[in-house]
Amino acid sequence: MKIGTTHLFVPGPTPVPEVVRRAMNVPMEDHRAPDLPDFVLDLLADLARVFRLREGRVLVYPGSGTGAWEAAITNCLSRGDRVLMSRYGQFSHLWVDMARRLGLDVVCHDVEWGEGVPVEAYAQELRADPSIRAVFVTHNETATGVTSDVRAVRQAMDEAGSDALLFVDGVSSIASLDFRQDEWGVDVAVAGSQKGFMLPAGLAILGLSEKALAAAERSTTERCYLAFRDMITANDVGSFPYTPPMPLLHGLRASLDRLLDEGMDDVVARHHRLAEGVRHGVKAWGLDLCALAPRWYSDTVSAVRLPDGVDGAAVCRIAYHRYRTSFGGGLGKVAGRVFRIGHLGDVNEVSCLSALAAAEMALLDAGVDLEPGSGVAAAQAYFRQALAAEGSRPGPWWSATAGPRLTAVT
Amino acid sequence: MKIGTTHLFVPGPTPVPEVVRRAMNVPMEDHRAPDLPDFVLDLLADLARVFRLREGRVLVYPGSGTGAWEAAITNCLSRGDRVLMSRYGQFSHLWVDMARRLGLDVVCHDVEWGEGVPVEAYAQELRADPSIRAVFVTHNETATGVTSDVRAVRQAMDEAGSDALLFVDGVSSIASLDFRQDEWGVDVAVAGSQKGFMLPAGLAILGLSEKALAAAERSTTERCYLAFRDMITANDVGSFPYTPPMPLLHGLRASLDRLLDEGMDDVVARHHRLAEGVRHGVKAWGLDLCALAPRWYSDTVSAVRLPDGVDGAAVCRIAYHRYRTSFGGGLGKVAGRVFRIGHLGDVNEVSCLSALAAAEMALLDAGVDLEPGSGVAAAQAYFRQALAAEGSRPGPWWSATAGPRLTAVT
Amino acid sequence: MKIGTTHLFVPGPTPVPEVVRRAMNVPMEDHRAPDLPDFVLDLLADLARVFRLREGRVLVYPGSGTGAWEAAITNCLSRGDRVLMSRYGQFSHLWVDMARRLGLDVVCHDVEWGEGVPVEAYAQELRADPSIRAVFVTHNETATGVTSDVRAVRQAMDEAGSDALLFVDGVSSIASLDFRQDEWGVDVAVAGSQKGFMLPAGLAILGLSEKALAAAERSTTERCYLAFRDMITANDVGSFPYTPPMPLLHGLRASLDRLLDEGMDDVVARHHRLAEGVRHGVKAWGLDLCALAPRWYSDTVSAVRLPDGVDGAAVCRIAYHRYRTSFGGGLGKVAGRVFRIGHLGDVNEVSCLSALAAAEMALLDAGVDLEPGSGVAAAQAYFRQALAAEGSRPGPWWSATAGPRLTAVT
Amino acid sequence: MKIGTTHLFVPGPTPVPEVVRRAMNVPMEDHRAPDLPDFVLDLLADLARVFRLREGRVLVYPGSGTGAWEAAITNCLSRGDRVLMSRYGQFSHLWVDMARRLGLDVVCHDVEWGEGVPVEAYAQELRADPSIRAVFVTHNETATGVTSDVRAVRQAMDEAGSDALLFVDGVSSIASLDFRQDEWGVDVAVAGSQKGFMLPAGLAILGLSEKALAAAERSTTERCYLAFRDMITANDVGSFPYTPPMPLLHGLRASLDRLLDEGMDDVVARHHRLAEGVRHGVKAWGLDLCALAPRWYSDTVSAVRLPDGVDGAAVCRIAYHRYRTSFGGGLGKVAGRVFRIGHLGDVNEVSCLSALAAAEMALLDAGVDLEPGSGVAAAQAYFRQALAAEGSRPGPWWSATAGPRLTAVT
């Protein structure tokens, strides 16, 4: 008997806002109807704004983020191409694995899990080996809660005079962390619907620079379902090469409306504020993040290291069954040694406090020695201060008119 | 720009469970279709089980709880009838007001807000005045968070040899607090859809004993829309005298399924556990409840008294605007002096902790001196202990099969 | 096993438009939240526009249309008041019954079912009896598909120098047929949510002239739940005297947006066009309407008279079970002798053709001698002509840009 | 201003049943939660029952049917493999195109559009060329409304002693037409969610024989996102290799419940009955189907040939804009020369009549000379006869109890 909503704090899928959920609840429609093209063309144009992409285009496939990883490789590269990659978590690990299975010649740098992309090592490789055709970065490693410096990688590429393509996995960063495709010179950016876009899984999204689009015309890798060319030809007239998942497209419309209405800078600031609160809580528990230094801290997911002898799977199991709260478990190398709190999408301060409150109980039950309520108290202090600062700006809720009305409650 | 769900902790309407919400999302249908009667008859039969009513029947009107108050009076009593009532909060106050406006001769006992029904005073009145035709009790006074002893009132009536009808306002008690219509000899029980039934407002529900049904045949009060007779005639063939609000009836079906599946004893126990946790939190803050003694404590709503100089409306305003959390304000005599936390319906332990966490921030911002995190920590301690006891029972989530699967998460 | 949507052609509830249905699917919210008043005030203002009411106000209760009938009487009249009414169908019959039960002194004119309000008889009564305090008209009698001339009644009242109030039951006319509260001098107009407003049942709606509002201050009838005064006091600050059914209010918001966007004149014209098509079909079958002359024809519901020996209940039963189509049966005096096709709300030409197609099969199966397809063909001819005329106006779908796009379908 | 539902008669996506639509409206959940595996394992087991597959397994990918086409090829075949294919419509054409782009050595037989798979030519090829590794059949060609004889192809393969794999595109046949994977010896069956499964697009579904699964272990084609091995490893523990589109999986659960409750034989019979009605209508118009002989007639889609000089795109355009009805246009070689009526999924007799009624008006407006109402009348005659036969079986609606209740309608 499940009573009460299960509280969801995995780093994707994230809670879907009501307005988005309603937008997806549509009857079926003819995807070749004459009024669809306008809808599609506007949608793609607004989607590009979230990538901060003007010079290029975005593509949306029915698929998962993994499908977008594959589309990036099979369209822009050819078997045998030499590429520079690095591994610092389960998801960067899986992308390397995919690249090898798809026939790329991967130069892979392994980094300690808890750090991010090794910019200096990349710089050396790029200077030493001009045959590198693409450089891969996992912008936000969801398994460890580490955000890497994409701009620095671009700078290293430029300094080395590399003409390689820059591939970025932005699945758990785009639409929540700061991401600037044009400005950072990202050629292929990969995203999925179930993270910052606050939708169910089911859309594989790519942001492509003009250079990436040109490369796709030259690739000799066989591909058809995920081929850019077929999608572009159809998109050019506001259509798709096969039946699109219309509910998700309507949901994306509503999600874009909300993101762009809030403004991407404010979206980024909000995720930072919520993450800071959570980190204050973790610190108050006396625990460490998986991310080894503040510059790696992720604003969308915090992976918390557990003391020796405490099983991360047990923490998640207790939280789920006893407290109806879902956290992410440890993956790959850190399985059992961390648990992860997702704080992205449609979350706010009180949601994050409930995550901390539930985590405290599960940690205590699992044998961690911490002061009950301490994490909540530390986050509360931070949030009160942060929101008081917000509140001092003139805003709708602090206005004279709102006040009297509430006072009149009887 | 509203980001993240607004957290709802008013004492009604309460969060609607997903399964109930889905059940209400239906296309329109012919309310005279031949398969409707079976649906209606089963629904009414199961609804009576929640009232623990076998000797009598339940009626459901399109309306609010206030409509059910009026139906109770106009159907079972006649203008000029002498009735015994008491006031100890805004809702008992309003029922007295209605009774007078509808022409009853009300003997009213005023009690300090924070206490409940004055059983001893009732007993004296009943012994002294055999002309009293009905005795009214507000089972759970939502404005003060006070639960009264209905069984004791019945006992007093019996001891006084009264043949009056016993009217009970169970709007914020039925389907969440212990309520036993047959056993307690309640003749007219009034409920609404938006509290323990976890539905939107819109259904006025009455539980009627055989004695109440007989009284309704004798009443001379004019009534038509809310007349029992018309409703009973239609209900007898599984129909309604006018177009019923079908989405709410489908929602009620789903709500009853959940309540009866959980079991009414467990529903009551759950509400008690959640309320206890909240009360531990309030105590840790150093604040008092509006309810003046533990025997009055309500398990569905806690009204918290504020220190002098702190405005309850400001607490609610800050919680709503700054922390996206809705609490109930003070009503009537206690306006501005209390704020109320609803903990009924589809809530669980972590929901209650988030209520306490949000309240702490709003109280601190409003100038209350309390230890941040203290209420959360006190509630956590209680919940951990309570749920560990639950967990030691053999249950689905503690089983051998569930364990390994979770461990296998990668 | 029900396969495929049941096709709904009862004269209420009517199909709910997708956009309205989505709007109702909301989580619960605090009905005393500070941003609710703006929502409520705008809603009531726009609702008045559908009534074409500027001099007065509209009120919305949780209830059914029957509740609105009662609110009209108990608020504006006192027991013993003399009122002029007439009966020409089940719903006018029931209003007379209610008026008597609530203590009015009813002068009732019975008219053959199939005709409407007897204007000349009313005129005579009004000239003869200046003590008449209110005149009642059922604008659209849903049981017989008869629309009455409200404007003519007002004229008769004025010519007789009557200062009586004019009460109009507009449950199945307002928001679909031409209705002009100010212009026609209607004092009390009664509506429900489940007809032209395209919502589920659950809202009792009243449009009130200033004169009606003044009369309500003088009435001595006891009432509380449906009292105008309590509702007005709350509405004045954008609130309600008890918990409102928020999903229906959000649905009403969406419904008003659609009605006002289409424009009330176009709403009326559309209902006329659809009704005309249906009537062409009925005529082609060789059957008669219950309405005895064209001036009584209703544009929201057509009641079709059946040949002797054919049971209307059988027609409905066959349609429902065999063809998954719901029609309205005969009520009261015409039970078994008619069946009714509702064509109001979110319907269009093809919906009406499917109603005719289903009806033809059920009629044939029930033994009616008609030419299969004849009704459909006659309606098609009318619709083709009517829509071609529409199409000759410059419109979005006939534009140059829409054409090529559709041609490009591959 | 769109008034009234747009009537949807494209051959996919098809109308989604209410119960399925409600099932998809879920909040997000942790796809690694411990109770998910049971859900997933049951889902896949029941899905196999729709394929009538016991010896093998089904796989479900986030993707479209095109993705399933590609997964079939890249997993079970290697570049350079010789395969036997045929083209008789746009979709069989596209699969040939994909096979060539993915590097297969395609032996392709072109057949007149309107016929189906050339069994005799296949038999000759198979006898002559033992190097053929796979034989492809488009079971139901959606562009022409042609169903092919898969069983005969299997027989030809067996007679030729071929050990090739049999690939079948069942996108518009599985879950609506008779399909028997085990019995017919189909090795790879491809389906999508948006046709017989009555869901939105977004799931690529494959049914795989043991032989196909073994072949997949030997294929040297690079693949990762759509690799069977990764999916099987995850499925074996009730999981997915990446975040699954949970709303669609919940919808699939509801869809399977309905299909299996109706029974696959009854599902097939219902589609046949509806298609027969539509074909009677088309014949009455004096028009021909694109399918050149009755043995090719498809029970899920009817492509109607237009007289010379009539533009199929105009028919669709008029139907869509003027009559709010979506039909499928002609694709590829028959663009402009046919229009298509989809009659699969959650449709019933009255839906099909409304399709015919709308089509008649659009055809007349586009200049086709036909008798108005003639198609509707012919289909009505067929449906009345067919359903009367159904009705003579003892059923719930013909029972004694249902009758009286309906008779009692007043």
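Worth a mention:
Each chain gets a letter, A, B, C and D, in the order it is written, and its residues are counted from 1.
Operating definition for what follows: a contact is a pair of C-beta atoms (placed from the backbone, for glycine too) under 8 Å apart; a residue touches a chain by one contact, two chains touch by 3 or more.
Protein names from UniProt, one per chain: A, B, C, D = Tritium exchange subunit.
As the structure is a computational prediction, the values presented were derived from the model and not from experiment.
Between the chain pairs A-C and B-C, more C-beta pairs are in contact across B-C. Of all residue numbers used at the contact between chain A (Tritium exchange subunit) and chain D (Tritium exchange subunit), over half are used by both chains, marking a mostly same-residue interface. One simple way to say how far apart two chains are is to compare their mean CA positions; for chain C (Tritium exchange subunit) and chain D (Tritium exchange subunit) this gives 43 Å.
Once the centre of each chain is set as its mean CA position, chain B (Tritium exchange subunit) and chain C (Tritium exchange subunit) turn out to be 36 Å apart.
If you average the CA atoms of chain A (Tritium exchange subunit) and of chain C (Tritium exchange subunit), the two centres end up 51 Å from each other. Counting partner chains per residue, chain C (Tritium exchange subunit) has residues 5, 15, 18, 25, 27, 32, 34, 317, 320-321, 329, 397, 402, 406, 409 touching two or more of them.
On the side of chain B (Tritium exchange subunit), the complex with chain A (Tritium exchange subunit) involves touching residues 1, 3-5, 7, 15, 18, 25, 261-262, 266, 270, 313, 316-317, 320-325, 329, 331-332, 335, 346-351, 353-354, 357-358, 360-361, 364-365, 371-374, 376-378, 380-381, 383-384, 387-388, 391, 397-398, 402-403, 406-407, 409-410. Those residues of chain D (Tritium exchange subunit) that touch chain A (Tritium exchange subunit) in the shared complex are 5-6, 8, 10, 12-16, 21, 24-25, 27-34, 61-67, 69-70, 79, 97-98, 101-103, 192, 194, 200-202, 222-227, 241-248, 317, 320-321, 326, 328-329. Those residues of chain D (Tritium exchange subunit) that touch chain B (Tritium exchange subunit) in the complex are listed here as 18, 22-23, 25-27, 32, 34-35, 37, 237-238, 397, 402, 405-406, 408-409.
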